[in-house]
Every structure is written in structure tokens, then in C-alpha cells.
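I've put the structures underneath this note.
Two complexes come next, and they have one chain in common, chain A, joined by chain B in the first and chain C in the second.
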Partner chain A sequence: MSAASVRRTDLRYRVGLNLRAVVGRSYPRIVGANREPSWIFFEALLPLLGIAAYVFIYQFFGGQALAVINQATLTAPFGMCGSNPCADAAQQALYRAAVYSNTNALVASVVLGGTMVAFWLNVLWSMASQLYWEKEIGNLQLYMMAPMNRMALLGGMAVGGMVMTSMRAVSTLIAGVFVFGVVFQVANPLMLLAVFFATLIALYGLGMMFASLYLLWGREAWNLSALMEEPIFFSSGFYFPLGGLFRIPGWGPAVAIAGSFIPASIGLDALRQLTLGSTAFGGTLWIFDVTTELEILVGMAVLFLILARYALAYLETLAKREGKLTSRHQ
Partner chain B sequence: MNTYWRTFKVAAWLGWEMDSNWTEPWLFVLYSVIKPVAGAFILVLMYVVFVAIGRPQGDPDAFSYMYIGNSFFIFVASVLFGTFQVIQSDREWYQTIRYVYISPISYYVYILGRAASKIAVSVFAVAITLVFGVFFLGVRMHLALSDVPLFLVTTILGLAVLLAIGICLGGISFLTAKHTHGLAEGIPGLFYVFCGVLFPLSVLPDWGQAIGRAIPLTYWFDITRRLLAPTISVNTTLGGYDEPTILLFLVISSIAFFGLSVVIYKLGEYFARKAGKIDMTTSY
Partner chain C sequence: MQSPMTYAVETRDLTRIFAGKKKRRFRRKAGSNGSEDSLGPVTALDGVSLGIKEGELFGMLGPNGAGKTTLIKILATLLLPTAGQAFVAGHDVAKDPFPIRQRINMVSGGETSGYGLLTARENIWMFSQFYGVPSKVSKERIDDLMHIFGLWDKRDAKVRMLSTGQRQKMNMIRGFVTDPDILFLDEPTLGLDVNAARVIREYVMNWVRKRAGKTVLLTSHYMAEADQMCDRIAIIDKGRILACDTPANLKRMIRTETTFQLEVDTIRDTTSFVGLRGVKNFSHKDDISKNRSHLTFILEDEGPVAEILSSITSQGAKVHSLQKSEPTLEDVFISMVGRGLD
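On to the complex of A and B.
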């Protein structure tokens, strides 16, 4: 056998080994979760209630705004249109339609944000914290001894996590459409898919990078994950268009820019434009156009995957050198 | 009784250490404040966005209603989580439940003790959020001095109900897999939707309003808001009840939920023992 064929066989073997590792690590997430029927209720259906609350807030605001428009008084026989009385019934109807349209767009924003929340929480708790968790329960040493590439291990966790989380994400979308009557207008489905998958790859790339860093941070990892829930929901615009932050003078843009380093924020902005139309909210609350946002997302995906590779190698070496790879509760 | 008190004290100390000893005190204080304030800011931004595109003149009453409800919801999220996660963290994370469980203490009281530190931290977080809202966001709040005793009583009763609900969930989680996060999100979500926390019950359909009226926390949020912000003119649909009636509801429901928590906890424990699930791990 020539040297070239040995190398080829070796490469084929390594690719096969790593693919098997990806399948092997994703398997327990997909199958294990399905063997636990209570999971569907606790992880997919119950969290919908939190999203429903945000939907009702916008409906409450919408209802309050409609009440003002509809309320006829002596000085405003056709109700109030903004700060002034409506001139006639036609103007009143126009304002009423605007409130309906804006409320639908905001509710749709919440529903899309809710699907992304599912993936973000999965990235935090089942990707970023996972290696630390594996160390705590004693699996990490087994992974480290196994001959596959560690990136394959993280890749398997990511694939399994995406599939597992899709159930919740799909439930959220279905609830949005059928329970809350959200209307999506998808003009470019291919672009939508491209943005969605670019967002997921970038998000899980970030999670893979965090997984290594969490090994270094030890016990702080859990608290860090907890800290990256509400503040990230806020700074990345999970429940409102991110452009809203630019309406707040001073700190608003700074928070929005900081939040944009999480791929979900740019991804959500693009997804909202693609499903609600770029003219929604008067076209004033978007960050960039969709093409630019897709380019940013692809850049982030590549960057985070490369950083994850280096972080993993560095942390593995560091942990081995300091002898902390398997020490628990530190 | 002495054993119960000792168990409670030691568990509370343990809970505090577990919550806080991972970092420096100043970082822990920051951590304890950032999460709830960020949660409040999500609502602030939702309001800002709606005002920007739909109602330029704003709606300060609706905003104050939502902000105060959300501030007190910090108790719901942290007390519930602090209670039911004890079983799952001891079982799945630290894998110490078998040792604590077989020790000669009441595990029920141990859970209450562990939750106590979460309550202490959340009191601080609620206070910070409210003060921030009043001074920087124009939240309309005014607590009369004469209402302070009633406010304290209702807060204690509300927390008692929350602890009881948390124990009920703990009893259930004896039997379930590692669903801490689903429960942490979902159960508070249930109260978020149906208890008039962020919006009045009138926004919900009739069946939703009926569910809300059956949950004692609805009355807790209502009376708290009446005492803290008596000038808010949002129709809560509970205007027919006066404060003493609502207080009576809270007392009765506290007792009822305490009884329910004991029953569910005992049942969960019994079935978990029977199925050999007390110290199971479900790591996938």
C-alpha cells in the first residue's frame, strides 16, 4: 500500500470516526429525550406560557390604544387619533387599522423571539455548560480518553440540541399562528432558511466556544448561564424589535450594539424583516437590510467555530497541565 | 420542633453558601440585581416600542401596572425555583440526595430552609427594581404609612403560598427527569399569564379569567398593587372585592395550599421510593 493510500485510508477512518462521534453524541439527546414523555410537557409546552404573557402585554397595550381611538367624547366625536381628535370616521378607521397591524407585528416579534429563546437556552444550558456538567458527573474523562476529535463531540451535542429544541420552537410557532392569530408574510423562503440556519450555526458555534471557557470558569459557569438569560433577552431584542433600543438616547444604542454580538439578535432582526415585511413598524426599527445581516451571521458562524476550536485546544491543555480536568465542584 | 428549627437554620445557611460562595460579595450583589433589572427592562422596552409606533402620548397607568406586577413577580420566579430545584440539584448535580434524605431530619423543612436564602436575595432585588422604577422610570407608586402593616402581612402570606406551590412542584419533581429549566420557565409562566401580573385579567378570555380567579396569587398581586399604587386606573376586574376580603382569600388559600403541599410532597415521595427514583440521574 502506497503512502498516499495509507493517508487517504487514515483520513477516511478519521472522518468516519468523527461522524460516528457526532451521531453518537447527538443520539442520547434525540432518543433519550423522546424516551422521557414528560419532557414534551415540561420543556416544550409549559414554556409557551411565558411567551403567551408577552403576547398578552402587547394585546393589552393594543386594547388600551384602541379604547382611546374608539371613545367618543364631546370634544372628540370620532375618538382620539394620536394627540389630536380624529377628523372623521375614515381617519379613525385608519388609526384603528394601524393599531391592529402594529399589534400583530409586535406579537409576531414575540413569537419569533420565543422560538429563538428556545435555541438560546439550549445553547446556554446544554452546550455552554455541558462540558462542565460532564465533568461534574464524571463523563468528561471518558470523552477525553476517546480517540475522536473534541469538536466532533461538541458538534454532536449541537446537532442533538438543535433537534431536541426544534420541538419547542415549532410548538411556539404553531401556537403563534393558531392561538394568537399571527400572520406571517414570507416573500423569500430560501433567504429565510439561509438566515435561520446561519443564525443557528453561529449560535451553536458560540455555545461550543463557551463550553471550553466554562471548563475554565468552573462553578461560576452555572451562574454565568443564569446571568445570560434576561440581560441577553433584553439587549438582543428577543421580545421587541432591537431597533427600539436605538430610540433610547444615551445608553440604548450601546446596549443594542453589545447585544448584537449574540447572533440571535441580528438573526431575529433579519427573520422579522423576512416574515413581517421590511415596511413593518414603518420600517424604522430595523438594524441593517437582510443581506447585510446574513453576511454578518455567516461571518459570526465562521469566527465562533474557529474560536471554539482554539479555545477547546487551549483549555484542554491548560486543564491537563493543572490537573483539574476531572476535579469536581470547583 | 427543635429539630425542625435546627434543620431549617442549617439548610438556610447551606443554601446561602451554595448561592453566594462562588464569587466575591460585590459580584454576587451585582449578579443578584442585574437579572431582575434586565427582566424589568424587557418590559420597559416593550412599552417604549409600542409607544414609538402606536401611541405617542403614552400610557403611564398601564406602564406602572405592569412594572409593579413584574417587580413582585421576582418573588414568584425565585421562590418557586428555589424550592423545587432543591430536589433536582441534590439528586442530579451534587448527587447528595441519598445522604440528606436518609439523615434524621424532615426533608420538607430542609427544602424550606434551602429556599430561604433565595427569598432573602429576592427581597433585595424587588426593592432595587421598585426604587429604580420610581426614580428613573416614573413609575407611579405611593405606599401610605398606615398601609405598611397590611402590606407586610400580605407579602408574608403571598410568600407562604409560593413556598407551598414550590413544595408541590418539588413533590412532582421527585418523579420526573431533569426538567428544572422547563419547570423554572413554565410554572412561573402560568402565573405570569393568568394572575394579572403584567396585564389585567380583562385581557384574557373568559376561561382564562376563571383560571386566574382560582389562583391565590392573583389576589396577592391585586392587593399589593392597590396598596403600592392606589392611583392606577386600570380595570382589573377584581374591583368588587375590598382589601379585607382579599386578605381573607389569601389566608384561606395559604392554609389550603400548605395542606396540598404536604399531600403532594408525601405522594411524590412515596411513589419515588416505590419506583426507586429518589436518587436517579437523567443526564442526557
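On to the complex of A and C.
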């Protein structure tokens, strides 16, 4: 070829190329997706309804508990309450505080779970299914023809997804604080940030791995995504502390262990400990201590990213051999 | 592995076979087992050997399913060959795709790539980032190309608001913005109006002619387009190259033959022309709106004309015009493939 066609291949060039690719691919998600104001209704306000349902149930139970305590105070302020000794005023105040605290912790758990639901749905529908979509609209072959590393493509999708969904998650969090009056107590903000980012990286690493597999499975993948919504909400403890499942005899621990393979489960558990204090719920509903959970999350992040890289390389070779990258409806 | 030749694109006995798709047969009777029928393997390319020189605008003509797109996909490193080798810019497509990907780009007709929520400009910029083009350079190129392709007024329009022609112009700009050495154009003017197609043709021709070292491989359904644009043309059918030469030389190949074009009332039976002595090949196209048939005959000499006319009139059809013509690329195609492109 002529001298005009000499192209750089050095490391600096490759790093620059892949960073540009990450920025390029994240752009449609960060900028494009927020052009439609309808997201505020569909992705910030509507999910609040789901959260509100759990919040009202927990608040109702909290209210019932308070009523019982208050009733005991009114009917038998001194002496005996039936066959049991009545609590004195100080003890009753402690009971009330415990009910307030537990109700707040449950509601806060739901709000935090709601923010993580946004990330999980984004991983399912905008990461895992994305390569399949890209193939259908004709983008995938253009991506695969470009010199960028394939992980830069997935990385761009993930970064874009994280930023885009963070806006939705923050809106849920703000609504939780102002509408439901949730109180968070953050003692270790650095640890909180570390856990949050480790959770996101592990979660999106899982999404990157799914992206290749979904492309391989084609349309069947839609069913899988649908299958992984509600059951994961439950088994990962999005709306209650996951440790509660371990207390259910029989199937409880099995479901909780299965759900723990989704990084959001461990991540949520750690985030709840860091924002509510490890003594919340009497300190009995947590799976592991925060440090152990952070280590698990980092391990998951590394594992999923490595698996994603190999899954994509395998898929690309297979697709080039079978023509699946370029043909639609396969 | 590098090609020893200085071709921009070279293929050697390139073969691509697609495994047959499995067609699931549903169970008809309760209790019986479902079974799968294989539709059999499809040979898309069958020993294709080609050499496209640097600076050449090379055309590839062939009917649907001839193997044109498969060839482009292999050269664009999107497909692996089943057998044989392909080199682009001297690099083996199967073993060394990275330097190829740095130097190529591809635009297909009727492409729906990009994201509807982004503007035309943003979409092109996004794709340029996958090639590592610095943002500033990319934006300058995009603006220049948008002026050239007449898309400047639509630069900030969301892609989903663009018409088919505007969208295809955007795709073309995407192809050029990375400044490739080798550009694959797969029917780039498909479905475009005359003006949009002309703008694209002119820019592609100028790009190859005025800039050293730029090569284009173009597939087209439009014979006149290929004739006008290409330095050389390969005619491909059923995965095999039937001829490869300049348009003038291709036409010269059938100059010893005579081409007749007839416009007659719609006729249904063309079997009487098959095997007619002296008829080398013919094509048949109906114009339903006018109730007419257009027939093109490649004849060894003028001998069979009387017999053809007699066969037409015996079906009760009137002959409205009869014209002897100079061979066109379409005649070459009909002569070799045995049918027209439509």
C-alpha cells in the first residue's frame, strides 16, 4: 500500500482509540436517552408507585406496632398489663424508637432496592439484550468492522447505562427522602462509594457477559430477560433485607443463595448496612460484614469482566464462521 | 500474513459455504416425533479469484444471491471464508483483521444503522470514534461532507426524522469520515431518487480519482451506474466470477453478437424462444401498466429475427418496436448470466 495508508498501531494509539470508542458508544445513552422528557414519567415516577406499595405496607405495620404500644400506655400506665408487667415510660419510649427505627430501615431498604431495580432493569434490557438489538438495526456489523476493541464497545454501553440509570436512581432516592421521609445515616462515605461502584461494575460485568450470550440465543433471550425480572427482585431482596430469606425454614436459604449470584444482592446488603448502620434490624438480617461483601463484589466484577471478554471473543469467532453477525432474524 | 502483491484487495480461490438452516417440522399427530429437515448448505462463493488495484474503482455486477454481499462481508472481516484466502491492504482477513479494520469502511444501501434519538451529525461522530478519529478532526470532516452531500440543513435533525435519501447520504458520510483507504459500497444508491444517487456517484468518482491510494469496491444493480463509474467490472453469478474487465472490453466481448430489443404486447409464453437456433440468450421484462413486454435478444446473427417475430405474432401479440442496438453492459450481463438483473 502507499505511504498515505500507514496507520499507527502503538499502545498509546490503541488506548486512545478504545477510550474514544467508550466515549462514543456511551454518548447515545447519556445524551440521546435524556432528550425525551418522557423518561421522567416512565422511569422515575412510575417506578415510585412500585416502591410506594411496599413503603405503605411497611408503614402500616409500623403504625400498628405503635398503636399497640400506645394502647398499652393508655390503658395500664402503671402496674400490670394483663399477666405481664407493663413497661415503664422510658421503656415504652424505647419501644417506640425501635418501631420508628425499624420502619425507617424497612422503608429505606425499599428505596435503596428501588434504586438498584433501575440498574438491574438497565442491565437486563439495555445491556444483555443490546447486542441483539444492535444486530437487528444493522449497527452490530459496523461495530464489529471497526478497529476498536470489542470490550470498548461493551464498556461504552455499560458506562452510558450507568450514567443514564444513575440519574433515574438518584431521582428515586430523592423521592424516597422527601416523599417517604426516609433517614439515612452514612458513617463511612468512602466505603459507601467503593461498595456502590464495585456493585455497579460487577452488575454491568454480568450484563456484558449476558450481552454475548443473548446474541447467541437470539429471540429466546427475551424470555430470559422477562424471567429474570420479578424472580430476581424477590430472590435478591430488592424490597426487603435478603437476610430475612435465610430465616425462612426450608426453601428460604436456597432462594437467597441463588439470588446472591446477582451482584445486586450482596451490593444492596452492604449499601443497607452502610446507610442504616449495621445494628439496624437488630443486626440480625445481614448476610456478611461490609468488608467481606466488598471483597465478594470485587471478585464478581473481575470474574464477570473476564467471562464477558471470553464470551464476546467466542461469539465473534462463531458468528464470523456461521454468518450470524451479519444476518438478521437468526 | 501479508500478500506479496500490491493489490488493495486480492482473493485467491475464495469459497464461502453457509450451512443449511434447519427447518422445524411441527408434529402433526399426537404422539409422533417432530423432525427437522435440513435445507442443505449454500455455496455463496465458489473459488473467487480477484485482484483490485490500489486507486481503482472496481464494480461487481450480479443478480440477487450471486455472492456480492458475501464477498464484501469477508473483505470487511465480518465473515470467515470456508476455503481460499482474501487479502485487504496486504493483510489476511482471517489472520490479521486489525490493520484491515483501520483502513476500511463499508456502506450498504438501505442501511438503518445509527440511533434515532441522535442527530445526523452526532451519529456520524459516534461512528468516527470507533476508528479513533480525534473529535475536532471528525467534526470538521463531517461539516465539510455535509455541505458536499447537501445534508447541511439537516445536520441537527434527529436521524429518525430523516428521509431515506437523507439517511443514505448520512451513511455515505459515515463511510468517508474515517478517511478509509478502501471503501466497500454495497448497492449504495439503492432506492434513492435521481438527484441523491447522482450526488453520491459523483462524490465517489471524484474521491477515487483525485485522492491517491483510495480504492472502492462497488456492487450495484444498476448497469448504467457501474458502466459510468467503474474502471473495471466483474460479473458474478452463483458465486463464480464469469468475466472481469473494463466496461469497454466487456462490451467488446459480445460485439460479434447482435442485440435486438423489442417492445410487444404482453406475452406470457417465452418458452418458444428457448433453444431457438441462433438465439444466444434473451431477457424478458413486463410493463404491466402499459400492457407491454420488453424483450432483449442476444443473437449470433440476424438470422433468427424472423422466427422470433413469427413466434410473437403467433401468440396474438403486436410488435410495437424493433431495435438493433450497440451492446450495453446489460447485454453483456444477459449474454453471460442468461437473465437480466430484474
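Going forward, the second predicted complex is superposed on the first by the 292 of 330 C-alpha atoms of A that agree within 3 Å, B and C clash if a C-alpha of one lies under 4 Å from a C-alpha of the other, contacts with A are read in each partner's own complex, and residues count from 1 in each chain.
Note that in this section contacts are C-beta pairs under 8 Å (C-beta built on N, C-alpha and C of every residue); 3 or more make two chains touch, one makes a residue touch a chain.
Keep in mind the model is a prediction, meaning the values are calculated, not measured.
Of the two partner chains placed by superposition, only chain B is touched by A:F281; chain C is not.
When both complexes are overlaid on chain A, the residue A:P28 reaches chain B and chain C alike.
Residue contacts after overlaying the shared chain place A:D10 against neither chain B nor chain C. After overlaying the two complexes on the shared chain, residue contacts for A:D289 are found with neither chain B nor chain C. When the shared chain is aligned, chain B comes close enough to touch A:V99, but chain C does not. Of the two partner chains placed by superposition, chain B and chain C are both touched by A:I137.
The intersection of chain A residues touching chain B with those touching chain C, taken from the two complexes, comprises 28, 32-33, 36, 137, 139. The residues of chain B lying in touch with chain A in their complex are 22-23, 31, 34-36, 38-39, 41-43, 45-50, 52-57, 59, 62, 66, 93-95, 176-177, 179, 181-183, 185-190, 192-193, 197-200, 203-204, 281-284. Across the interface of their complex, chain C is touched by residues 1-2, 4-5, 7, 9, 13, 16-17, 20-21, 23-25, 27-28, 31-33, 35-36, 137-139, 141-148, 153, 320-323, 325-326 of chain A.
Note for the complex: chain A touches chain B at residues 28-29, 32-33, 36, 38-39, 41-43, 45-54, 56-65, 68, 82-83, 98-99, 102-103, 106, 121, 125, 133, 136-137, 139, 219-220, 222-223, 226-227, 229-231, 233-235, 237-241, 244-245, 247-248, 281-282, 284-285, 329.
Residues 6, 8, 18-19, 54, 73, 76-80, 89-90, 98-99, 101-106, 108, 111-115, 117-118, 122, 125-135, 158, 181, 212-213 of chain C are the ones touching chain A in the complex.
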